Amino acid sequence: MNTFGEKWAFTSFGESHGRAIGGVLDGVPAGLCIDLNLIREELTRRSGRTPNMVGTVSEGTDPRLYPVPDATLAGVSSRAKNEPDEVEWLSGVMDGVSLGTPIAFIIRNKDARPEDYEWLKNTYRTGHADKVYEQKYGIRDWRGGGRASARETAARVVAGSIAKQELATKGISIQARLIQVGAEKDPARFNETIAAYQREGDSIGGIIECRISGLPVGTGEPVFDKLQAHLAFAVMSINACKGFEYGTGFEGITQPGSAINHISGGIAGGISDGSEIVFRCVFKPTPSTKKALTKLLNDQINEPIVNRQIVNRSDACVAVRAVPVVEAMTALSLVQFL
Amino acid sequence: MNTFGEKWAFTSFGESHGRAIGGVLDGVPAGLCIDLNLIREELTRRSGRTPNMVGTVSEGTDPRLYPVPDATLAGVSSRAKNEPDEVEWLSGVMDGVSLGTPIAFIIRNKDARPEDYEWLKNTYRTGHADKVYEQKYGIRDWRGGGRASARETAARVVAGSIAKQELATKGISIQARLIQVGAEKDPARFNETIAAYQREGDSIGGIIECRISGLPVGTGEPVFDKLQAHLAFAVMSINACKGFEYGTGFEGITQPGSAINHISGGIAGGISDGSEIVFRCVFKPTPSTKKALTKLLNDQINEPIVNRQIVNRSDACVAVRAVPVVEAMTALSLVQFL
Amino acid sequence: MNTFGEKWAFTSFGESHGRAIGGVLDGVPAGLCIDLNLIREELTRRSGRTPNMVGTVSEGTDPRLYPVPDATLAGVSSRAKNEPDEVEWLSGVMDGVSLGTPIAFIIRNKDARPEDYEWLKNTYRTGHADKVYEQKYGIRDWRGGGRASARETAARVVAGSIAKQELATKGISIQARLIQVGAEKDPARFNETIAAYQREGDSIGGIIECRISGLPVGTGEPVFDKLQAHLAFAVMSINACKGFEYGTGFEGITQPGSAINHISGGIAGGISDGSEIVFRCVFKPTPSTKKALTKLLNDQINEPIVNRQIVNRSDACVAVRAVPVVEAMTALSLVQFL
Amino acid sequence: MNTFGEKWAFTSFGESHGRAIGGVLDGVPAGLCIDLNLIREELTRRSGRTPNMVGTVSEGTDPRLYPVPDATLAGVSSRAKNEPDEVEWLSGVMDGVSLGTPIAFIIRNKDARPEDYEWLKNTYRTGHADKVYEQKYGIRDWRGGGRASARETAARVVAGSIAKQELATKGISIQARLIQVGAEKDPARFNETIAAYQREGDSIGGIIECRISGLPVGTGEPVFDKLQAHLAFAVMSINACKGFEYGTGFEGITQPGSAINHISGGIAGGISDGSEIVFRCVFKPTPSTKKALTKLLNDQINEPIVNRQIVNRSDACVAVRAVPVVEAMTALSLVQFL
């Protein structure tokens, strides 16, 4: 339910506006030197506050990060900009080295503002999980999406960073990057594209490509536990992700076998073949926009009470901040096979 | 590894040209009346021998099955045409009713012809899993792909049919159909398209759409075990599947949030919202074609020995026969949530 | 439910008087040479038909097997004596070597005599699982206990023997033996003790001791997955087993810490310490005896209909035949930690 | 590894003298009213500081708790007496009601005194897990046993109390009590027995009996997942537990089937039969005693450096404080079957 993986079992917990979010990562081998600064950097990437996201393309050095054109951090929500994600490490690490015991950590919700969401107490937003939560559980934490909030992905990024550090010791690296925003495929124009939608009070989707290199031959199992199935499972569990493809993908549909039978996408019969693995995933635009007239439902009578512009703290293009989350889930998926 | 699911745990076994393939389905509640004829029909759909696949479109009644224009069963392999998949039931069923104990079944490999593959003993085919198996296991059943053969999907269809029958008792139905073959989106032209590729000694991919109706609100878990993640995992585990999308998918990438925030695809926050679920998946063309010059490797020296035309028993468009397999895996995925 | 273990996942299936019992053992590494004769011998040990169980103690060579004094095989049921347990191997093995794919096997129920149990159709026996099955499932295979029959343990012995063969390649050996029958602790008198109870139409329990040697330091996990917890789980899942102890066990209760703090029983903090592991388990007498007046219940009205002597095909001392089953479950438990 | 159960998945974390111990309990249904006072009381029972453990038997009202004769709390370690176990609730509960999301909690290690254990940095104690940890992980938290410390059981008691509260809503209750200390079976004499061993600087074991009432018929699975196997697994995972038995157990070994075939122990064929379930488990004396000369090993040269009296903070009879832990693990085991 809230645990991902078995060999490296990552349990995530916490509501968006509760006391804290956090996680327990069990299965990390003893003796791994954990670079806490790297984890901080990953959280900064996820927050959208990363320095090299403010500037121009030419200044960018990290191919993963497409700069945001000005200090207003186009398209990034206010909470992301303001809340430092400070990790408190509770167990499993001594003097920067893993003990082989569960690594538990928490991130306090410092900018939690339940009062901002008071009006949601008896209301559902369309495009959100408000209503299904109420239907499924009979109770729901209405404070900013509660458990359904993408804030939960901060815990994934922490655990995923540890997984990436373990993979790095084996020469395996993972790099995701945004390759498309709306119809735009030129990274140099991503920021202005996002900013344009934001000015309209609207939102837009994006496509992320992820490359895995250094993965040894033989990773994955031939029948149900195919490597691509596990990668799809990991990535499709990220909020707002609507599709996954690898190798020839959907785009290869018009090509005959004789033309593309040499393209493995890095996987044959569910098992890595030693070449680079490339997959793509698509993120929908956030439904919480100023422009969108969101239908609100009264949860007592389950009928629309008003169509209302939602002005909340969401991003204009969630795909931007999903980049490190895709890497994190990819890493957490791969370490299961070590 | 070879088990799918936990509540309904389906274990698949068997090599393509060994003594038998089969499966064990554990977790089926006691008292389910199992219609063995329905299971036979599903196997016939998978075999490509189904009667209403020979005829014209206008005669077709089942929207899932697009007729093959003539009795030669365009694009279907010789083994599929010749081998009756007779199921022997070993346990778990008494007088047609499930006992609540594991249901075990086998399908004997009657048309097994290991001698047809003798030449593969020291040779790998590109586009197949021959080489990675050897690398992963140090040993491999070279007889027709062994465990990697799509023949294994017959066991999935048997188990999936039982799952569908259980779902049907709860008003849940699953219908998959081929919606695209190569660039062709008109079902009336699918057969001639496939036949054209086959005449060229080539192969082509296809896209399958699957619809789930009647699924109650609340199916799926909010964080890692999102319904879409599990569906993707199930479908991506099918041989030759290269991509999965639902709701707005990859195609929705150009639409802003204000235009599409009402489209849930039947799932919100990982949980079914009570509306119909629609997903699509893409199957690549088989690499074993007459036209394709397949690079063969000598497994002793790991170097190409010859580029050779592969004339074996594969289909021209594997997506055709994947339709019931997609339904089966969807059903096996859904019953885990009951 | 019917699967034991995750790394080596053993799925058992089959009803006592159905078509076959069998199993699927998934996770066996490729390349293990499997000695089918050893498996046959283990099945013979379980059947009670083993040659060196007929003879005198002095002739015995295998310390595990205590000879039965005469050719009548005291205390062994008629079915065990008459039914050869022939294993048909369906998959996962090629030329005697494991392929790394699931190993499936079946044992046909040749001596199945459902008609012997016809009278049980509307009747429950006390001391058996007849009634709880009916209550749990609403349906039950009344033929000789169906799934609850100890016949199921034959499949465990087959899988356990493969596990033992893998462990042997790593220098790990498992030896169980009967150390007590009723109050009798002298092995030389076990047969006459059992025979005496059998003559009375009665049954008696036994204690089995099991020793594991060669297990490397570090096996087991420190918190929930302690080695002793997993061994207890494995052994307590055997029919008629009522208790498990290791190290100082129940008997050490009167000794102070200063006297016994050096006795680890081979395990410290849940983790093997490199010394021999010794545990004991107790098996109750079978409830199906000639002497016992078993209360029979009419399953329609759930009231006693008669107190009746049960003359069926059970053993006088089930602990005798449980010896190889204890070894099998121990082996299946240990391979999970490899 | 550090997770118990699947439906109610309880993950435990934390080192004895690290920053905190804690846990995540996932799978608690939404809407359970959680009585935090009850949880505090359970922690007090585990700490040995419970008021009715000081006094005389006649004053006792709770049959589970045998009073300690004077205010010195015979046999209870100094840490247990001094450290209040305050639970901080991080997630999953809103206004005292469970949300259906993971319940995370921590207990800070306020009385952590790593410096007390500084001398253990390069030393192993016999009877403890010091050495196997070092061998297994290559690194170890030497501070008071680290992860191997029984302090971890506080987290089990918190989670177990929530499980008991859920079970109580279904009419299921669990009561464990100490029934034997050393050779002493009269509860009125337990305290003086323990005090006598303590005066000698020694320690002693105990037997705990646990009764489960109200469990509906049908709990447990017939083959591997027998109810007794799961109870044994749960209880044998508690530190210092050396044996488990139920029903006729080891003691029934001398009784023939005709005499005891009516005793089910509440379970038939692995499935609860509706009657009260009774099991017993035995706890060894702690190896850390003043009297015991514990062999200490230099971990560099792996040889004895000194035989030394260990004067640390352990209990004279750990079975006393294990009583609520046995209940907790029993509860956590049972909720898996709901």
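All chains are identified by letter, namely A, B, C and D, in their written order; residue positions are counted from 1 within each chain.
Simple rule for what comes next: a residue touches a chain if its C-beta (ideal position, glycine included) is under 8 Å from a C-beta of that chain, and two chains touch if they have at least 3 such contacts.
Computed from a predicted structure; not experimentally measured.
Visitor: For the pairs A-B and B-C, output the one whose chains share more C-beta pairs in contact.
Guide: A-B
Visitor: Over half of the residue-numbered contact pairs in common: that is the test. Which of A-B, A-D or B-C passes it against C-D?
Guide: Among A-B, A-D or B-C, the interface that shares over half of its contact pairs with C-D is A-B.
Visitor: Would you mind pulling out the distance in Å between where the CA atoms of subunit B average out and where those of subunit D do?
Guide: Spacing between the chain centres: roughly 49 Å.
Visitor: What is the distance, in whole Å, between the centres of subunit B and subunit C, each centre taken as the mean of its C-alpha atoms?
Guide: Inter-chain centre distance comes to 39 Å.
Visitor: Can you compute the centre-to-centre distance for subunit A and subunit B, using the mean CA position of each chain? Integer Å is fine.
Guide: 30
Visitor: Where in subunit D do residues touch two or more of the other chains?
Guide: Residue numbers touching two or more other chains: 1-3, 12, 101, 136, 147, 222.
Visitor: Quick one: in the complex, what on subunit B touches subunit C?
Guide: Spelled out, the residues of subunit B in touch with subunit C are 1-3, 9, 11-15, 18-22, 24, 26-27, 30-31, 88-92, 94, 97, 99-104, 106, 136-141, 146-147.
Visitor: Quick check: in the complex, which residue numbers of subunit C touch subunit D?
Guide: Its residues touching subunit D are 1-4, 12, 126-129, 131-133, 135-136, 147-148, 152, 180, 182-183, 197, 200, 202-207, 217-218, 221-226, 228-230, 232-234, 236-237, 239, 241-250, 252-258, 260-262, 264-265, 268-273, 282, 284-289, 291-292, 294-295.
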